[in-house]
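What follows is a pair of complexes built around subunit A, which joins subunit B in one and subunit C in the other.
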Partner chain A sequence: MMPLRRFQMHQPKNVAEAAEMLAHYGEKGRLYAGGTELLLAMKHDLLRYEHLVDVKTVPGLDKIEAKNSSLHIGGTVTHRAIENSPLVRERLPVMAEMARQIANVRVRATGTLGGNICFAEPHSDPATLLLALGAKARVQGRNGERTLAMNEILVGAYETALAADEILTAIEIPLLAKSQRAAYLKFQVHERPTLSLALVLDVDASGNAITKARAVVGSVSLTPCRSDKADALLVGPRDKVEKQLADAAQVLAEAADPGDDLEGSAEYKRHLTGVFLRRAFAQALSGAPR
Partner chain B sequence: MSAEKKTDFHVVNHSIPRRDGRVKVTGKAPYVADLKLIGMAYAKVLRSPYAHAKIVSIDTLRAASRPGVYCVITGNDLEGLNPYYGHAVKDHPLLAIGKVRYAGEPVAAVVAIDERTAFEALEFIDVKYEELKAVFTPEEALAKDAPLLHEKQFEAGALRGFEGEVTAGKGTNICQQHRIQWGDVEEAFKKAAAIVEGEYYFPMAYAYAMEPYVAIADVTDQGVTVYSSAQHPFMVRHDLKSIFNLPVSKVRLIVPFVGGGYGSKSYTKIEPLVAACSWKAKRPVKLQLTVEEAMLTTRSDDAYTWMRTAVDAKGKIIARQAKIYMNTGAYAENSPLVVEKSTNRCVGPYAIPNVLIENCSLYTNTVPASSYRGFGCAQVTLPGESQIDELAAKIGKDPYEFRLANVAKPGEEFFPKMRPFDGTLKEDLETAAKAIGWKNPLPKGHGRSIACSGSDAGAYPLTSTAVRVHADGSVTIMTGSTELGQGSHTVLPQIAAEELGVPFDNVNVVSSDTAITPYDRSTGASRTTTLMGSAVLEASREAIQQMVVMAADVLKVKVEEIQVVRGGVRCGEAQLNWSEVITKFYALPDGEVIGRSYIRKSGKFSQLPVFWEAACTGVEVSVDQETGKITMEKLVTVGDVGLAINPALAEGQDIGAATMGMGIGLFEELVYEGSQLVNGSILDYRLPRFSDLPKEVELHLVQNQDGVGPYGAKGGGEASLNSMAANIANAVDRAVGVRIRQAPLTPERVWRALKEKELQNSKVQKFKE
Partner chain C sequence: MTDGMRIVALKFQLNGKPVEMECEAEETLAEVLRNHLNLNGTKVSCEVQVCGACTVLVDGLPVSSCTYLAYEARGKNVATIEGLEKPDGTLHPLQQAFIDDFAFQCGFCTPGMIMAAKALLDENPQPTRAEIIHHMDGNICRCTGYVPIVAAVQRAAGVMAKESKK
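Let's look at the complex of A and B:
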């Protein structure tokens, strides 16, 4: 880590002003919401910006609210705030449980949910779970607001569908229904996960059959990945699905198409997809955190 | 052989809280990074992107003319200096001259008004390179058509630390070769009842210290003054003296607090470069490396070892043979000594009648390797202690019993021409076995191992000190030993306080300033307690002798009539403490007495090693067979330290070393992809964390006062590292039945081994069907 190059910090009063600033500075500017990834990359001289637009002080972006049947988490809410929020813990425990597992307490205290999604680091814990939960990102630019699904906003490694002037203002996460079970697990040796796996299951009243499933494998490829075909294999009577877990994992891994890197070989990550899909399935149905 | 045995200690053998603890944890301890000299400038380094390339040209004009930049220095600016340094081989230019030999090598430095200005100027230096073919492994370096890293003949360093020849600079990529041999290995293997044979790999590792390299140099007409995080200030002084062609008296190394060393801070590192910056900029210059830059400065030698070990029908080890290829990187640094040491340490602490070990280190286009805690012992203890278990399994013996039957015995001359063994490994092993619960039943997927190591430690005995007793009875120890966190600033005053009979709190330490403190060769090889401790003990006694003469003068009696008591003297009814002796002698309540000691390779230190550093570690691991992940369930360390001057500090060293060894066993490994180090940051290089520590830890010391140091003490602090990688490999084998001969045992490697085993089993099953 080198000394940071000189840059100017700007603190807009509201989202509209932030959008104007981002538009004005173009490629020379970047939104700054926590800095745990951005400043690290700048210190390693991998990224250079002359202007940082600090949205941490913009009022209203740091709220956690339950609205209708979803949870709204503001873009500048820290991972630590999610982990400790009584609301999240009560209404969507799997989200708090995931937040608790992010990096270390120093990162969690500074890093924000919006920053995490917008930096689009491929080993993101939140991105994996949010895709499984069917979360949406609310974004605002100079020309108004729009809503993007997780698979729409995350388009590649370090790459989002956001326009230069757009700011992620909140993540909306549908709360789990009584019939739904969720689990988030990861395998990690280094600083970032080797593999993350999120699973949401709809079970019937008897608890013996899965009516709908959504499995996501993250950290193994450029963006978190799910597969309709894999999810289809996770639907049916529990004992039948248990027998199909290996096939579902294979299909999911095929869709993710992991690569070799410092975290491990593609083959190993394919294998781990199977191990953790099975573990997540068991955990989701065990009644552990939703 | 051993020193006098004494048991009624007042200060020694007590766990007195460490001297530097409070100032360090409250952030008040000044490190070099905290120091600022008047008019000081800051340097930043431009590094080579290529592993091996000719430097065609360097244009520094654009960088040098930027606002705030004082100067830019390159290999073309070193006329007037002797720019090559190295205590073993003078092969290392302080900046690349004419060519670069590894990606990350310093090519130029900018000196500027502040660090950021220096850093921002770097990209305005235009360097043209002509890429050359590069080699990255010993195999590539040995190939017939391999490019030569060093074309020139080198001057051998006078302070290389061993008596053999230096091999480097003879027109090949060989850096150092060493061989030990006794008995008849071929004959022994023919007669053997059982043999095990295998190839092993110990990785490149980084001896992570929280404080990266940092130095401030001030070069003037009066001489060279350098503040540095160096472990061995006198060794660095020697290199600087020759670079600047100055008398020793004009070179001053000052080492304030150091943020850890673990081998990485030994010998000369960035000091010549910083001094050259100051020389050119004509002002004091500070250079502070980042951790990532420190990882481009030094690492451990990685080692490829082929080894075989034989046993007779009675279960006695009769022969060991090994061939080792070490990858020493672009410059020799301390690797020639690491080669010598790892060759010796291949024998382990075992009495083996037939031995042949051949070792060869190669220059490659990678980060230069140097000291790493234990000097080559960990590299060869992975194969050595793995084979003890493999052999025990082969002949159906319990590996613990097998070790008991084969370890060197106290006083045994198990290594020809070396000091007879001065430890009690049988007792150490028994202590470890009891602590780890060797015979207790284990859950499925769990495994235990106990392993040991013995190193020829202590380096070269050349140490001096002065112990100053002041008129108020307080004491100042002048020592060239550096406090790296190992506790020397606590242990040394304990010894002086014990001898002089003064309160521990009244003994102060002044250390590691070559202009002030007497010469000490180095702070490494676990030598300080034994050698500097002995020097402090002798100097304290010499001060007492002087004060006895002074007391006789004061009391107007014969010297023979003076009797030494704790903290002073007695003569009949008259009793004087040291303060009274000195005050009365000078007739003024001030002044001092200086006790001195010079230790050299003679007397009880005439035979090398200074001592055998022995220790056992025991581990219990569990293996997740689906992911291959190893969990450390329990760790036991047994330090065979003779006498612990400060037991808490000795135990602290043991758990530190064992944790470092565990890092290598589980996940530490520098990875090269092509010419580039790809995990050269602490984000990507996986260090042990608190959460990795074993669930249970037991630390034991065996204290038989059998060392050559003060009160029978000998060194510790490295040995618990050495056996850890082998221990983990052995425990994994016992847990899940796979033998892994490469460290670290990453989850994926364990998983692959398990998969391979399953495949073999199914083949066998099919064959049976």
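Let's look at the complex of A and C:
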């Protein structure tokens, strides 16, 4: 068996103590949650840490709560807990459905939402949906708390805007209004998504026109991508928008600018963007508000 | 700043019996089971959370023991393939169903398959075929093929439903 290098495990009692530990150990230490990214990279010696700070020993970060018009999901909440949460299933079913599609049962049982966002792996399901939903990350370090939008926290492949001592404490997701519809779809043949697509539409009272749209394509570029120009093409009477879907997909794919890699060629990913935008559009407008 | 743990004092329930031992912080649950506790039923293959050969249950949930730290088992219930048969040697309905449906050839994936299936049936005793496939999606078999494996899980669900009515 491939052994892990030696490390010490630390058990902070609160966020402030975790931040102190991270600051103290600097490059030699790292926050540890489910370990489904970190321990794999450490096994392969891509990352080396002498100190792991177990964020799960901080009480209170594993809660899911509805506050005013948003859902607060704690940083150490697992994908499985999101998938099975009655609150998420009732108030934001698209989030539960997305969580159900992540990885495999074992990764969902231990992998956390905070770990997913903070590893900033480009092939992330939650990142794609959370950007479309306009979610924000609450982070806390020694100098206090701040709130970052998804496109602010995710700055590149495996790269976030977090300082070394900062901890993601929760993700705040605005609940969908009665006039909003959402869909999340992905295409996947390997361990991680080849392409993920999230769509949020505001519809008028008749249900026949879209007044606002937010489409995000993920997993094909370093961070999930959206485009004002593509979103504009998704607004208008439904039959008109349906005719513009291919154009909108093209604009979105251009903004994402996918490359060739093991998941497929750039051309293939641009094609998939069109297929999945069309499917997401149909799904969002079918059935009950999500 | 207090020192971290190099050595973890580990107390947990293993297949219903208490275990008290020490392990190093970086030891995985698979290493502890196989190297310290001589339970070699749990197999290790890919070591990257992909294949599921190393699946064991912790508080009823399937985890990849190849990359799950033994440290995480503190105070929890760990179930491995060795704990499934009854003291009189009667096999668990899942084990029997895997035999009856020829759901293994080399058998390397089987402990993980059976533990993953157990987690499903404990939570959802009458899963649909689609639910079985979704749940077992992360357990890879390189020789048998999945049709008999899904059939075995369905058969075991039927047997367990009859047993629970008795």
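Heads up, the rule we're going with is that the second predicted complex is superposed on the first by the 287 of 290 C-alpha atoms of A that agree within 3 Å, B and C clash if a C-alpha of one lies under 4 Å from a C-alpha of the other, contacts with A are read in each partner's own complex, and residues count from 1 in each chain.
One rule holds in what follows: contacts are C-beta pairs under 8 Å (C-beta built on N, C-alpha and C of every residue); 3 or more make two chains touch, one makes a residue touch a chain.
Here the structure is a predicted model, which means the values were calculated and not measured.
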Query: For A:10, is the partner it touches subunit B (first), subunit C (second), both, or none of the two (neither)?
result: second
Query: Given the superposition on chain A, which partner contacts more residues in subunit A: subunit B or subunit C?
result: C
- prompt: What is the contact status of A:191 with respect to subunit B (first) and subunit C (second): first, second, both, or neither?
  reply: both
Message: Quick one: is A:2 in contact with subunit B, with subunit C, with both, or with neither? Answer first, second, both or neither.
response: both
- request: Determine, under the contact definition given at the top, whether A:177 touches first (subunit B), second (subunit C), both, or neither.
  value: neither
- request: Could you look at A:46 and tell me whether it touches subunit B, subunit C, both or neither (first, second, both, neither)?
  value: neither
Task: Considering only the touch criterion stated at the top, classify A:205 as touching first (subunit B), second (subunit C), both, or neither.
output: neither
First (subunit B), second (subunit C), both or neither touched by A:80: second
Task: Applying the touch criterion given at the start, work out whether A:106 contacts subunit B, subunit C, both or neither, answering first, second, both or neither.
output: second
Query: Which partner does A:272 contact after superposing on A: first (subunit B), second (subunit C), both, neither?
result: first
Message: Give me the intersection of subunit A's contacts with subunit B and its contacts with subunit C, in residue numbers.
response: 1-6, 40, 191
Message: Touching residues of subunit A toward subunit B in the complex: what are they?
response: 1-6, 40, 44, 187, 189-191, 262, 264-265, 268, 271-272, 275
- prompt: Touching subunit C in the complex: which residues of subunit A?
  reply: 1-11, 20-21, 24, 35-36, 39-40, 43, 51-52, 80, 100, 103-107, 109-110, 191
Message: Which residues of subunit C touch subunit A once you look at their complex with the stated criterion?
response: 1-6, 8, 24-28, 30-31, 34, 44, 47-50, 52, 55, 61-64, 66-69, 71-72, 116, 119, 134-135, 137-139
Field: Footprint of subunit A on subunit B - complex, ascending
entry: 44, 115-116, 119-120, 290-292, 626-627, 629, 667, 671, 678-679, 681, 683-684, 686, 746-748, 751-752
